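Quick heads-up: structures coming right below.
Shared between the two complexes below is subunit A, which has subunit B as its partner in the first and subunit C in the second.
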Partner chain A sequence: MSRRDVAIVATAQRPNEVGSTLTSVELILPVINDVIAKVGIERQKIGFWCHGSCDYMSGQPFSFVAAVDAIGAWPPIVESHVEGDGALALYEAWVKIQTGECDVALVFSNGKTTSGPIDRILNLQADPYMVTPLWPGFDSLSALQARACLDAGIMTEADMAEVAARSYRDALNNPIAYAKENVTAEQLLARPYTSAPLRAHDCGVPVDGANAIILAAGDAARSLAERPAWIRGIDHRIDTQRLGARSMTESSSAAIAAAKAGVGNDRIDIAELHAPYTHQEILLRRAMNLGEGTHVNPSGGALVSNPAMAAGLARFAEAAESVFSGSADRVLAHCTSGPMLQQNLVCVMEGE
Partner chain B sequence: MSRFFLSLQEGRLEGTKGSDGRVYFPPAEFDPVTGEQLHEWVTLPETGTVVTWSWQSEPQPNQPLEHPFAWALITLDGAAVPMLHAVDAGDMARIRTGSRVKVRWAAERSGGVRDIACFDLLEGAS
Partner chain C sequence: MSEADGIMRLRQPISVTYNWSAGPNATSHLNGLLEGTLIGKRCPGCSLVYFPPRNGVCPKCARILGDDVVVGPRGTITTFCVVNVPFLGQKIKLPYVAAQILLDGADISMQHLIQECEATDVRIGMRVEPVWKDRSEWGPSLENIAHFRPTGEPDRDMGVEAGAS
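After this line comes the complex of A and B, so read on.
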């Protein structure tokens, strides 16, 4: 069966913030209305709605069901939920369109990351026998990975600080980014360790956020957007959940996903990498063979605003917007999930 | 996995041997290479080596130690892959990649990874 051509035709994102007092429904509703208004489509024409979020963050099973209030369930709709980042929900929606059951899908995600200790909450997703009972936290686990990379000589703490400084500076041009600062790597290196060998700037800033994307197939996409961002390749790979059994110094799942998505077939103008830690951006660039000609995370990326479960879909929104505007022709969007780059989803999009 | 947790409760470290001869601790139930169920168990010593570490300067509730400590991936002597646990190093300056460590058993054991209270540095052995 040949693949249907599918494109992102519109995106909407909330400004990232800390300490939001809104409910999840209140976070989501404006981006849903915004993204629908951008394409001017009737709601009934949206054949599939797919949501990414994490019930652990609200501490309530099936809390995601409440999100249906933000999209409206009458007349009846076809909808689904992914317990994970919205980018994984986008992958489900892409598959749904491939089946031919619908031509237009709306994907959305939200994370009220700052309402609890997210570093500890995400520990509940780790191996329930060997890891969760120790309560290590994602920062500490990522720090183990960073140390292994430093020991292996494939990066230095200065390289990591350079990633953060570039991201903080790029964020100055992004109105919805949370952390932004005109800072140099030298200034960042003078700051103390938080989870040695990581400093605060090495770890993505937890924020509350929400976003939404509309996907459409073929002629429907052409009718909804002037310059759709066509998905040319998309692939999702997972490394073993055994923390000690996978390499700390390379990401084989990211490398495979990038190859399957066709990253190496041509140049990449912009790569929006979901790297919540500085060393992970360097690992991902190496895994995907991204060279000097690729601008990585012009939005500032997940380091400057990391809304858990929405930060991956935000990468898709940022990459697609650069195609809409014509500032890029061939872009890469990436999402990771789980500790230490366990899962990697890679997508290549092009303008026509 | 029940044999593994029961052996921890009894103060023994048991891993499984894979088709390529590699010993997995914590044990692999299924061979990572062939996917076959693994049946050959190996008892490992209480000593091992730190392969990477990070520093928890402000311990959080329920973590293995209440004072600052190191998280580490530790490969037990004779094992092929490391496990995650805490090292009671006292000070960040005392631990490094390659440090030799030894299991400190919990006073009361119930058949889980917390039966290992943490690891201690082997003085002068690193």
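After this line comes the complex of A and C, so read on.
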């Protein structure tokens, strides 16, 4: 069976904020209505709805079911939920379109990251027998990973600060970014450690956010967008959940996913990498062989606004928007999930 | 950890504290309960009145709900279940009735207890009213209502309306 051509045709993102008093459903509803309005499609033409979120973050089992209220699920619809980032829901929707069951799908995600101690909550997604009982915290695990990278001579703390400074400066041009600052790496290095060798700037800022994307196949995509962002390759790989059994100084799953998605086949203008920690961006660039010609995270990335479970789909939205506007022709969108880059989803998109 | 019977066990209590927000659209409903008033919300699209106002949105129209609407306090039983099975932590004497109650002025039913009558007397269409707990026990919760009891009014014919809504 040959692959269907599928493209992102519209995106909508909520401005990232801290301490939102809205419910998750109230966060989601406006972005869904926005993205539908952008393409002017009738709701009944959307053949599949797919949602990414994490029940642990709302502390309520099956809380994702409430999100169906935000869809306008009457007459009945076909929908699904992924307990994870919205980018993984996008992957499911892409597969759904490949099966031929629908031509248009809407993907959305939300994260009320600041309603609880996210560093602690994400522990509940780790291996429940060997890791969760230790309650290591994602910041601490990532600090171990960063330490291993520093010790191996792969990078320096200055390299990491450079990633943060570039992200904070780029965020000045992104109206929905939360943290933004005209700052240099030297200034950042003068600030204290929060979880050595990580400083505050090395860790993505937890924020509340929501976003939505519409995917469409072939002629449907051409009718909905002037310049769709065509998905040329997409691949999802997972490293073992046994933290002691994988290398902390490289990301084999990211490398395989990038190769399978065809990253190396041509130049990449813009890469939106979902790197919640500075050293992880450097690891991902190495794993995917991204060179100097690629602008990484012109949006500021997950470092400046990290709405857990929506930050990956936000990378897809940012990358697709750069194709829509014509500022890039070939782009990469990436999503990670789990501790220390355990899962990696890589997608290459092109304009026509 | 104990290995008395050769099986290693690990007790792992889990505790996470959240700042949970009811959201602006459910807040008037919860504040109403603090005053003993039953407040629902009307959808600006289809005009249906939601009590409780769910997540502040109309699932049919995908719109944020609009005006506050005072509903009840009386209502009508739309369906019910007689509970005969004991379970851990049960506080109410068996048998008892859990019913869906459509409050006057509301378009969706809510679940509550029916007391002060025999379980065998409960029927669809029966008119009921809330019995509130002592005000000192009130919080922003429907649990301020201890239960519902029959009003003695004639039954409401639910045949057409129940089928239509």
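Points worth noting:
The definition used in the following text is that the second predicted complex is superposed on the first by the 352 of 352 C-alpha atoms of A that agree within 3 Å, B and C clash if a C-alpha of one lies under 4 Å from a C-alpha of the other, contacts with A are read in each partner's own complex, and residues count from 1 in each chain.
Methods note: a contact is a pair of C-beta atoms (placed from the backbone, for glycine too) under 8 Å apart; a residue touches a chain by one contact, two chains touch by 3 or more.
Everything quoted here is computed from the prediction, not taken from an experiment.
Touch criterion met: A:T21 reaches subunit C, while subunit B stays clear of it.
Within the superposed three-chain model, A:N33 lies in touch with subunit C and out of touch with subunit B [touch as defined at top]. Contact with both subunit B and subunit C is seen for A:P133 once the two complexes are overlaid on the shared chain. Judged by the touch definition given at the top, the superposed model places A:A158 against neither subunit B nor subunit C. When both complexes are overlaid on chain A, the residue A:L198 reaches subunit B alone and has no touch with subunit C. In the superposed model, A:A190 makes contact with neither subunit B nor subunit C.
In the superposed model, A:A148 makes contact with subunit B only, not with subunit C. When the shared chain is aligned, subunit B comes close enough to touch A:R242, but subunit C does not.
Contact with both subunit B and subunit C is seen for A:R120 once the two complexes are overlaid on the shared chain. Counting contacts as defined above, subunit A residues 117, 120, 133 meet subunit B in one complex and subunit C in the other.
Those residues of subunit B lying in contact with subunit A across their complex are 1, 5, 24, 26, 28, 32, 51-57, 60-64, 71-73, 75, 81-86, 92, 97, 112-114.
Residues 117, 120, 129-131, 133-137, 140-141, 143-148, 151, 193-198, 240, 242-245, 248 of subunit A are the ones touching subunit B in the complex. Of all the residues in subunit A, the ones that touch subunit C in their complex are 19-26, 29, 32-33, 43, 56, 58-59, 66, 68-74, 114-117, 120-121, 124, 132-133.
Those residues of subunit C that touch subunit A in the shared complex are 10, 12, 14, 16-26, 54-64.
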